[in-house]
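A, B and C are the chain letters, set down in written order, and residue numbers restart from 1 in every chain.
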Amino acid sequence: MLEIIIHGRGGQGAQTAGNLLAQAFFREGKQVQSFATYGGARRGTPVNSMIRIDDKPIRLRCDIERADAILCFDRSLLDARLLHWADRDTMIVVNSAGLRENYSSLGDYRIYPIDGVALSQDHELGRIVNSALLGAFCCLLGSPALDTMSTTILEAAPVKQKRNVAACRAGFEAAMRQFVRNEPIREAEAR
Amino acid sequence: MMKMSSTKTLLTGNHAVAWGARLARPKFIACYPITPQTPILEKLTDFHMAGELDAEILTPESEHSAMAACISASLTGVRVFTATSCQGLLLMHEMLHYASGARAPIVMFNVNRTVASPWAFWPDQTDSVSQRDTGWIQLYSESGQESLDSVMQAFRIAEQVVNPVLVNQDAFYISHALEPVEVPAQETVDRYLPPFHPEHVLDPERGESLGNVVSPEMFCQHRKDIGQAMQLAIAVAQESDAEWERLVGRGYGIIEPYCCEGAELVIVTMGSMCGTVRHTVDEMRARGRSVGLLKVRLFRPFPVEAVRDALAGIPDVLVLDRNFSPGTGGVLHQELKSALYGMTDAPRMHGYLAGVGGVNVPPGKIEEFVDQVRRNEPAIHSVWTG
Amino acid sequence: MNEPAPAIWTTKTTEVVKTGSWRVALPAYVNPPAPCRNACPVDGDIAVWIRHIESQAYRDAWLTLIDNNPFPAVTGRICHRPCESPCNRGRLDEPIAIRSLERFVGDMALEQGWAFPGTPVSKEETIAIVGGGPAGLAAAFHLRRMGYAVTLIEAQPELGGVMRYGIPPYRLPKNILDAEIQRILELGVDVRTNTRISTRADFENLRSEFAAVYIATGATVPKRLPQLDYSQPWVIESAAYLEQTNAGDHPQCGAHIVVIGGGSAAMDVARTARRHGKVVTVLSLEAEPAMPAQSDEVLEAKDEGITLIAGAMLQSVSDRAQQGLQLTCIRVDFEAGAVPGEFHVTPIPDTTFTVDADTIVPAIGQDPDISGLHDLLEVEAALVRIDGQQQTSLGGFFAGGDLVTMQRFVTVAFGFGKQAATEIDRYLRSGTPARDLAAQPEVSIDVINTHYHPRASRAVPQLVPATERQASFGEVELELPLSEVLAESQRCFSCGNCTFCDNCFYYCPDMAINREKNGYSVNDDYCKGCGLCVRECPTGSIIMRAET
């Protein structure tokens, strides 16, 4: 089972990203479960979207305790509280223009900064960073396939579908350029 | 069996419920929105706007009024659905008694949420278990798929025994979890749920009155009748589940013993936590530990005989209650103690309050509980965890 | 197969328990008459047409009005409105401005050109009507609507009687009168103007030509003051004065006019003279509150600069040639008699005073001209004697209006005309049932649930300022704006005129009120006589009756 946490602030689209990711995996024939904190969450407060992916039906009805991968929408949220869900094997993608070295003080973690804001602005999407980050995340996670993710966004994104697809592809390319070609990343394996 | 096409799609638990309600073809829905139930009502009104749901949808000023409207509508002889959660269910309390007394076969869906105060939105079943004496049949669901299927079964049970049915799913872990759900074909449901034509209806042409002033003896006889209908509901619920399984291949039973054979310890619980326990049981069994799960799906009427049969010969029973009745403890714990009272070689009964207020109960916690039980004698009262 | 579930509980119908047995009083849905209707000379369905105004169904309002009165634009201006003083609304705050509402509907009908529903002549008898004034015209209208052919005979060149020759245009514009008369003539009436029927032979000829004759020749002979020399050129009869002024002429008279009389005709003369630039003094026997003229006429006259000397009597006139006339008068106590027109005056000693004048216009009332009738029909004092059906002593001859009553009001004459049509029809067709005169007690304020009627003040029509009025024969009273008409219509209690509000139906704790096609009925098997329906009725349409 693959367990993923998408962390962001209310209104940033973490829940939409979680549902899009779950749909992409479902499209590839996986069993999925995606849920997010709700109700009490206001715009700007930290929110979690949790996604489980497996080949067998998922029966767990509890929070993820240790994530295989984390997608963090806001670098100010990447702190000890978020890392509570991570260990050294957890792949962490963070929306940041900084370098990996900037995060070394947090400890021995696999942190991949991706400048989602710049990528989104390139595609006239303003502050809505989820498609670009999802592209980078797919690239670094090794699944779902970029085409599956793009098709899912095209069909399910609420607005500006084509620009979101382009941002997703650009995110995928950026991650490939920044990290894969320099440092091959082991595909996250099902645990 | 004729094969009819169903659709597998990603749905939240709430949208699965709305699909279930739509497929049951209710004629009347009176509903008041409340987190975390609101998406059910939203989806139903979407269906209605799109012309896919031929029902009158009323949105009154409160849940009390919603239930009052449901009772009246039901007594005119139409199929009625509604949905609510926590405070809303409690605001209906008076009308819940009235609905069962009126023998109005309404189906209501409740999303289990903490009851204020303090204010919160997390899964907790105190809202519905505290309605156990209102005369409503109660089912608890483990997944979005089961919620959809339970709505179908609930209408069949309600209309056969002429009593209202409350189906419950936990907030958050089910209501807001997006997961694959198979939506049955309308023809399948139509075959399963015939049109509703009750024997007695309120109709000025017929000159019948319901709920009139009665003598003590008449009132007592009326209560006995409700009790008889309730007892009958056990068999009807089993039959309804079996027939649904025959049609779509999915059945749940009124209780479900999972890996209970030869188990040294069986965990008894309701709702979403069954899934986590099921997962834990598999992992522990894989490590050679003989634990099992008894899922209680039908909570009212409480299936005493079936529970006794399932737990006969089990040395230890651990009841996990995601609810709390101050002054007594876990409600399911009480129910189990009562059900097994006087049984020869009854299991030792351990009651844990686990997940009250939405506290996370992951597999690791459950394993800890099991270890704790094996080390300790049962306490008379429920034990707080977490 | 499972055993069947216990059935839902039903006590079947509770109708076996007849809860009405302890009752001592039973409500009755009777729609009792409203006080306004009882007071209305034409028996108008006032509450009904006001309700139509409220729902903005103006044509329906008009159709209801004309069932009883073909002249709503006329009565909407000059009716003496006996309906308003008994109005129950007046017990809460102020009476409904019924006349103003009637004028609104009457004027709208003229503006819209609404015609009376056409009625073909369906009956073989032709009726002669002698006199084209208010009573005659009303009778012609109602008889035509019943299907009779009608011949209307008028001595004057034009129809209208007192409405045309008596009432000045600032109270009743001629175009309004003409239009409402014309609308009647369009129903198909044989009109013979300039035809005076006065001799016994004239009447006997009519008798042979027509199936029935209605005489409504009015009161055209002026009463005379014994202390006044009518042969003098400075005396002008009020009728002659008004006939000339209403025709646009200026009668020969001096600068200072004294009008003698306290009725509407006196006011009409005085106010007309004022408009001709005269200095006017009115000398009335009655003290001001007792004057037969309508109080607003008196107030308006005073506003226009007319001097009123009320409670005084002319004793003598001395002609001082170049200095004009000097009238010697005395204060009097006035006591009305038992019947209209009768009175008694007592001069108050030592209250003599004088008034200067150039011309005197006596306006003290008129009597019918019965010179050609008194050897044909029975007469009584100055009036033709009729029975309760307006029949004279001579078979086939009916009489009405000023000819038979001292109630000298245009609306009263309209009422005579309407009733005459009914009576003539019954005379010709004896099968027609008589009107149920055993009338019910009218709705009193006590049975109106005034909680449903918030207090609101009465609509008051605006008047043209007095300074403008003195120089103009334009209408004095302006029409109410639509918003005020609608607000006023909402003030009406609809006394005894059920509005189908369902209060009785819903408030009944025993479900003993049934809705019927045209109202409600009470099921006495279950009615406990609690009276809630009566108490909650906003219109007094349902009443309690004691049971024995």
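Here, a contact is a pair of C-beta atoms (placed from the backbone, for glycine too) under 8 Å apart; a residue touches a chain by one contact, two chains touch by 3 or more.
This is a predicted model, so every value here is computed, not measured.
Student: When the contacting C-beta pairs are counted for B-C and for A-B, which pair yields the higher total?
Tutor: Greater number of contacting C-beta pairs: A-B.
Student: Taking the mean of each chain's Cα atoms, which chain ends up nearest the overall Cα mean?
Tutor: B
Student: Taking each chain's centre as the mean position of its Cα atoms, how many Å separate subunit A from subunit C?
Tutor: Chain centroid spacing, subunit A to subunit C, equals 90 Å.
Student: Report, in whole Å, the distance between the mean C-alpha point of subunit B and the mean C-alpha point of subunit C.
Tutor: Here the centre of subunit C sits 77 Å away from the centre of subunit B.
Student: Cα centroid separation between subunit A and subunit B, in whole Å?
Tutor: Measuring from centre to centre gives 36 Å for this pair.
Student: What does subunit B use to touch subunit A in their complex?
Tutor: Per the stated touch rule, the residues are 10, 35-36, 120-121, 142-143, 170, 172-174, 176-180, 272-276, 278-279, 360-364.
Student: Sort out for me which residues of subunit C touch subunit B in the complex.
Tutor: It is residues 2-3, 5-15 of subunit C that touch subunit B.
Student: Within the complex, which stretch of subunit A touches subunit B?
Tutor: Result: residues 19, 22-23, 26, 31-40, 58-63, 65 of subunit A touch subunit B.
Student: What part of subunit B is in contact with subunit C in the complex they form?
Tutor: Residues 102-103, 160-163, 198-200, 207-212, 214, 222, 225-226, 228-229, 232, 235-236, 239 of subunit B touch subunit C in their complex.
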